[in-house]
Amino acid sequence: MSDLALQPTQASEDVHAAGHDDHGSHDDHGLVHATSTGLSNNKLGMWLFLGSECLLFGGLISTYMLYRGRHSANLGPDQIYDIPFTSVSSFVLLMSSLTMVLAVTSAQRRDERRMNLWLTITALLGATFVGGQVYEFTSFYHEGLGFTTSLFGSSFYTLTGFHGVHVTVGIIMLMALVGINKRGRIPGDRAEVVELVGLYWHFVDIIWILIFTLVYLIPS
Amino acid sequence: MTIIERPSLTPVVAGSGVSVGVKPSQAYGSLRRPVSSTGWRSWVFTVDHKKLGIMYGAVAMFFFLVGGVEALLIRAQLAGPNGTVLSAGLYNEMFTMHATTMVFLFVMPMAAGFANYLVPLQIGARDVAFPRMNAFGFWCFLFGGIFLNTSWVLGGAADGGWFMYQPNANALFSPSHGIDFWGLGLQITGIASLTGALNLIVTILNMRAPGMKLMKMPIFTWMILVVQFLLVFAIPVITVALFLLMFQRAFGATFFDVGAGADPLLWQHLFWIFGHPEVYILVLPSFGIVSEVLPVFSRKPLFGYRFVVFSGAAIGFTGWGVWAHHMFASGLGPVSVAVFSMSTMLIAIPTGVKIVNWTLTLWGGKLWFTTAMMFAIGLIVEFTIGGLSGVTHAVAPSDTQQTDTYYIVAHFHYVIFGGAVLGIFSGFYYWWPKIFGKRLSEKIGKWNFWVTIIGMNLTFGPMHIIGLQGQPRRMMNWTEARAGEGFFNLGFWNRVSSSGAFILACGVGLFLINVIVTTRKAEKAPLDPWDARSLEWMTSSPPKEHNFDSIPVVHSLDEFFHRKYEENHETGELTKVATAEEVLADLEAHADAHIHMPSPSYWPIVLALALPIMGYGIIFSRILIVVGGLLVLLSMFAWTLEPSVADDTDYDPPGDPRADDGGPTKELATHV
Amino acid sequence: MFTTGSKLFLGATSLAVAALVVMGVTNAGDIGWTATVGLIGAVVALAFLTGINFFVRDGNVSSADPANVFDAAAAQRPPGRSIWPLIGAVGLGLIVVGAISTPVVFKAGVVVILAVMLEWLVHAWSEGASSDAAYNQSVRQRLMHPLEFPVLAAVGLTVMIYSFSRIMLFVSKAGSPVVFGVLAAVILLGGVLYAYSPGVKKSIAAGVCVIAGLGLVSTGAVMAIDGQRATEPHEIIANDSSICTSNEPTEADARASQELAAKSNSAAIITLHGGKLSAHQIAVPGELSTITLPRSGVSNIVFVNDDSAKVRLTAHMGTFDTATIVNGKPTTATSITCTTLVRQGGRQLLTLIYPKSSRALKSGDAYTLAVPGVESSVITVVVP
Amino acid sequence: MKRSKSNVPSLQLVQHSPRHRGWLFGAVGLAAAALSGCAKNAPQDTFDPAGSNAQKIQDLQVPVFVIAGVIGVIVLAAIGFVVIRYRDRGQEMPEQSHGKPSLEIALTILPALILAGVGTFTVKTIFELAKTDDTQCIINVTGQQWWWEYDYPAQDGCGGIKAPIVTSGQLVIPTGQNVLLRITSRDVIHSYWIPRLNGKRDAVPGRVQTLRLEADQPGIYAGQCTEFCGLSHANMKMEAVALYASDFETWKANQLEGYTAPVDGSAAKQGEAVFTANCSYCHQVNDLTTTNAAGEKVPVLANPDQYIVSGAAPNLSNLMTRNTFAGATWDLLTPACRDKVWKAVPEAFGALYLQGVTPECLNQVDLREWLRNAPAKKPMYSSDAQKANSGGKVRGMPNLGLKEDQIDLIIAYLLERN
């Protein structure tokens, strides 16, 4: 988990050792500014990290797919899912991707007011989604599906819980961005930092689309 | 003369009004940002890839000794029938921890150490892409390893075998906390591997010296790149498995509860999808090392560089499609078994390509038998044996006779000891003068080599026979009744193997003696002791903190060699045109005027420290989870808010008697 | 007159006295041994500290030497504003309330007090860093921001999310998506409005946000206390003999799963085909009417329905004596379990453990697998 | 760049190489030792097939080992040659050649072709060994910590079995018949392996997996659990006993024979009471009865599910017909008697085996130690503290605290369980 939240950190490491020279006046070889691939270190790192995350969710989704039919005589997925609610919450999460895009655009335009605004809105929409998940878990639990009830229960809570934690980490990153930005302390290229958080946020959204389809929509 | 940028020397002027000089050492006391370049602080808070590389190596070496002692206890137990050295429970803990230690705490971090130290040097970079994350990775590894080993005194170590098959690893069948420690410890070292992998990939892809195309990269860097990609995709799979294990043991989830309808094979699949790439993660770095060593001491380039690169990548890629060959006896059904049997044979092809290429690199060369070279050739020989025994159990029906017997133990020790570890030793002897400025004694080195080789073949060679004649693995004892008859019965071979283990231990001991002797007396090594070929030799030994005074422009593979020698394209004759000293002087003459190096930081070590605290919390007391969690939050935010290069205000003004830890006047590099 | 330190201790003393009184009143004088000793001890100790502080004037230089009082560094500037005494008082209040109500509140109070102590400590320490307030401020921030940001964010986030989920649990199941959608829409609309109306003052926007947040939290609190909507556990069919012995659909059957993820190497596959039940076991030739299953081991049985009627497979697991003895004879209990209704072409998994051998069955009893309504063909299970 | 011609300064340290032939000798010597230095008559030798299934594996693996060996020798010889031929004798710096693609490709295709050949035969054998439709006899095999239970369901196969037979310790099969084991487990994963009859197959709880066995000649074939299964994994052994069909008929009949109560007044009769009081909670002896409070004769039924994690303990009805106990870890026969049975010629084996364990041949030493304190003899998870850790149930046999005279009586009773 903790490695996720490191992302803003990576962003801060606009490494001078790489040959960057923010004094801008010295450029002995005329080559040192560019990275070999043209992508910034932070962005490349984030992409790789997201690649790694794909395998993480791949493992969890496979576990769920293997076990979703195994609940003996206990509650099964079709009895418990509240599709209308989850559809709405999925839509909310999708909308947050839209506001994230707006935040990134604002950051690139150096429109700080809107950037902060859209980051906040994204965080709020994310928080709404997580709130919905807390609600969903609570009501499922009351309806008789505990974490230890059945294989289906264990794997459902683990998969969606992991996703929820990812969203939460994303919200913390967004709020931290706003907080730190207000104090003018985002190091390095601000637009890129926002973009990186955006990448992560979109990734989490896409994973949810996958989970929503595989877990909720396809009847078991 | 190079000017290393450093903060201004003017004191901080506070606001308007009366200006008061405030020294950070006064304001923050011990909480100031660490900036020292000397003393223990310069190691503990360092973000320098070279210091981290050395620490990786030292700690991994320590765990190698720990794992070695565990191995000796195992062999002592099996030296005779009905061994009584260890109890059954302790024996199970011993072999579990031996494998875990050797794989996760020795070979992997040792390779990480080599990669950390050498990759930036080999590609002409001044550090890795994310230096603080690099430090964080190291501390995660160290604390994870310590955390794992504290289980010995906190109720017993893990006793489920390093593969930790379910349901035998459930709380019902292994009630001690050992497996909890194991799972959480590996989770923590997994973070180290993952961050390290991200870091090195970005470094290699993004920070190569101008002109260094991918196909001009040193082969060691190539192999490291492949390994890091394997790590990036393999670590999350074991992470999932370990989470399921933890949820099962600590929170009562049912993932491996057969009574609830669970399938124990789920664990096996997850574990081996990670576990098989892991084998290549262990062995490919050493392939890279010998691919550097062999050309240098044959005085000719690596034969078929492209083929070696592509076969390395092919091994990495195919390595994902063979995991179920660890499960041929698990009952997968004939179709799966046939498919995985074939894919396993397929992977033998790129591996064979490497052996052929190494041999052909030697062919027609001018071989210089240094210890490094001898270890490298030792690797080719021993790995060939291990590889061929591997082919015999790619044949699935044959494997059903061999799996879980000592034949497998023999096989993977020839592959991992004969492959990975011999390569690591080769690397030690080859790069020691680069890293420490002194050459390891060749005389002791030869002894080191021969004793190690004899010891290893005596230890693991007989295991082929023991296994093929039916002795299973992981047994706390063997009996005369099943040992057969004649002088050469299994008892004889078990005794040979056990004595071999102690000879092997002597071999490793000789290396340690060599290190001590070298450190105490050897004189400074020449700048280019081996007439080497790649960029890491194009700087001083040991390298300066910023590696290169000016970043070299690369024109060819083996850039350094080609700066020293000129080749007549018609006759193929080589002429020496420059010495290493001259090449270096040339670089220094064009030194960059401004070099920023990242500053040390507290936060990587603090963040890493928080993880085992949370681990203990999960096992013993929930309140520690909260404490660790807060520490994680604190250090992550502090890390985020901390610029990678220290502010002016972090340094004391010059001439201050309290600037006890280096102060701002420290030179990052001193030379004329 | 009173020094700063003695003021604090005086306040604390009065709080302790108040707590003692409140506790005594609410518990009708009987507050138990620990509370008596603890609170009375606290009153005495705090009063003593008040006196000492007052007497030594907070350990400052003697007031008898007025010159020093005014020249000392601490005396040069009035101390900066600080919120921590206030929050500290809140913490104390929580402790007092917690002591007499619930331990959760008490613990929260302790946490608040600890946090205040830390903040206060760092604040005081940073003020001594230099004589420059701005620099001191930066020293403080550098240390405390990494801690304050995440903790505040985490606490804020948790409170908001929790409140919101309570609201959702309060409204009806059908209403929850509506509430959810409305809230999200409001957030989004708010954002759009603010983004494209540059005239709005920041303070107004912030005010709206604070009010909205407070509204959310207070509504959540009210609804959490008021209780959630009634959620009944779903009916499940496990081990219910009245359900298992008929093919009447129950709520659990209505939306039951019909497909199970690939389950190979099962102990037996039971097929209902043309009104006839037959079993197939791995490697055992032919269609079986008697199958052998291991005792005490887990047996996964797959039931496949080829017929058009929706039916369930019922496992009769034997009738055994229980430990309860009525009229000198042990009572018996019948163990039974079944799948949900399986439609044509559907499959279901039944995971069974037979703890006792067939030998232990009472005479006339047998382990069977049957489909209610298909009495003519029953699979007999032998447990060796 | 400044360039100057100079000698290679760093080469002055060149050491002449020691004799590298050591490698080659070492390797060849090792190979020779490996070929000549194997144990004779190792009971679990994987290169000594005694049945058609193991023979199929043998036919596949021998050529594979030969091919691997030949390739190994070629590669090692090439390395040896290079090491000797090209060592630094002061020759010129070699040509800086980067390789010959045509040679590379050839050396890639060659092993691919060899492996393709091996692969074809491998796949063929995999499917042959997975066949289940030529089965002549079905036996259910169940593993648990740390012993195996065999039950023979009623069937037409195996020459016809009327009622289920439950046994443990030794798997008895008829020679020449395609026996199919249906393997599962009650607790953790185990693995069933009789090397001379076939490869291994894991016993996975919740799954039923099959393994073909066929023995050409009567005799005892040793095996061992090969999937790590906890504390006493090393002590979880098995023996497969092959009998001619006629002897197998005798064995079956004996197994299904009813209970013979000990003669009144004999030590065995007293032993029956001791057994009922101390052992019958977990160990079933078929048709053993006792008298209840009301004076009625009631069957004694074992309830291992209440005391043991795996829910099973070996059925002791015919203990003395088998030659081993405690998970086939110890022999019930004295070493001399054991040798006679194990080394009997095929024709004589059946009769010797069917004698079972006679009082003179009983290995009193190990059996007594076992009854005195089982967990001290075989590591098991059954002390009181350990029991508390696993839900009040034991894994393995606990120390029953039997007195010496009780042990005498139990042994007297068990000697009649044949």
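For reference, chains read A, B, C and D in written order, and residue numbers begin at 1 within each chain.
Convention: a residue touches a chain if its C-beta (ideal position, glycine included) is under 8 Å from a C-beta of that chain, and two chains touch if they have at least 3 such contacts.
Being a predicted model, the structure only gives us computed values, none of them experimental.
Participant: Going by the contact definition above, tell me which chain pair has the most C-beta pairs touching.
Facilitator: B-D
Participant: Distance between subunit A and subunit C based on Cα centroids, please, to the nearest Å.
Facilitator: Centre-to-centre distance between subunit A and subunit C: 23 Å.
Participant: Express in whole angstrom the distance between the two chain centres, defined as the mean CA positions of subunit A and subunit D.
Facilitator: Distance between chain centres, rounded to whole Å: 51 Å.
Participant: Could you state the distance in Å from the CA-based centre of subunit C to that of subunit D?
Facilitator: Roughly 49 Å, centre to centre.
Participant: Averaging over Cα atoms per chain, report the distance between subunit B and subunit D in Å.
Facilitator: The separation of the two C-alpha centroids amounts to 37 Å.
Participant: Multi-chain contacts in subunit D: which residues touch at least two other chains?
Facilitator: Residues 204-207, 209.
Participant: Where in subunit C do residues touch at least two different other chains?
Facilitator: Where subunit C meets two or more other chains at a single residue, that happens at 145, 149-150, 154, 264-265, 298, 300, 349, 351, 353.
Participant: In subunit B, which residues are in touch with two or more of the other chains?
Facilitator: Within subunit B, the residues that touch at least two other chains are 258, 260-263, 331, 333, 636-637, 640-641.
Participant: Tell me, which pairs of chains are in touch?
Facilitator: Every touching chain pair, ordered by label, is A-B, A-C, B-C, B-D, C-D.
Participant: Which part of subunit C faces subunit D closely enough to touch in the complex?
Facilitator: So the residues of subunit C touching subunit D come out as 264-267, 281-285, 290, 292, 294-300, 351, 353, 355-357, 359-360, 382, 384.
Participant: Please name which positions on subunit B make contact with subunit A in the complex.
Facilitator: 125-133, 136, 191, 194-195, 197-199, 201-202, 205-208, 210, 212, 232-237, 239-241, 243-244, 247, 251-255, 257, 260-263, 266, 270, 546, 550-551, 553, 590, 592-598, 607, 610-611, 632, 636-637, 639-645
Participant: Can you list the residues on subunit C that touch subunit B in the complex?
Facilitator: Answer in residue numbers: 129-135, 139, 142-143, 145-147, 149-151, 154, 263-265, 298, 300, 349, 351, 353.
Participant: Give the list of subunit A residues in touch with subunit B in this complex.
Facilitator: Interface residues on the subunit A side: 2-3, 5-6, 8-10, 12-23, 26, 28-29, 31-32, 35-37, 39-41, 44-45, 48-49, 51-56, 58-60, 63, 66-67, 70-72, 147-148, 150-151, 153-155, 158, 162, 176, 180, 185, 187.
Participant: Please give the residue numbers of subunit C that touch subunit A in the complex, ascending.
Facilitator: Of all residues in subunit C, those touching subunit A are 145, 149-150, 153-154, 157, 160-162, 164-165, 168-169, 173-174, 176-177, 180-181, 183-184, 187-188, 190-191, 194-195, 198, 228, 231-234, 236-239, 251-252, 254-261, 337-340, 349-351.
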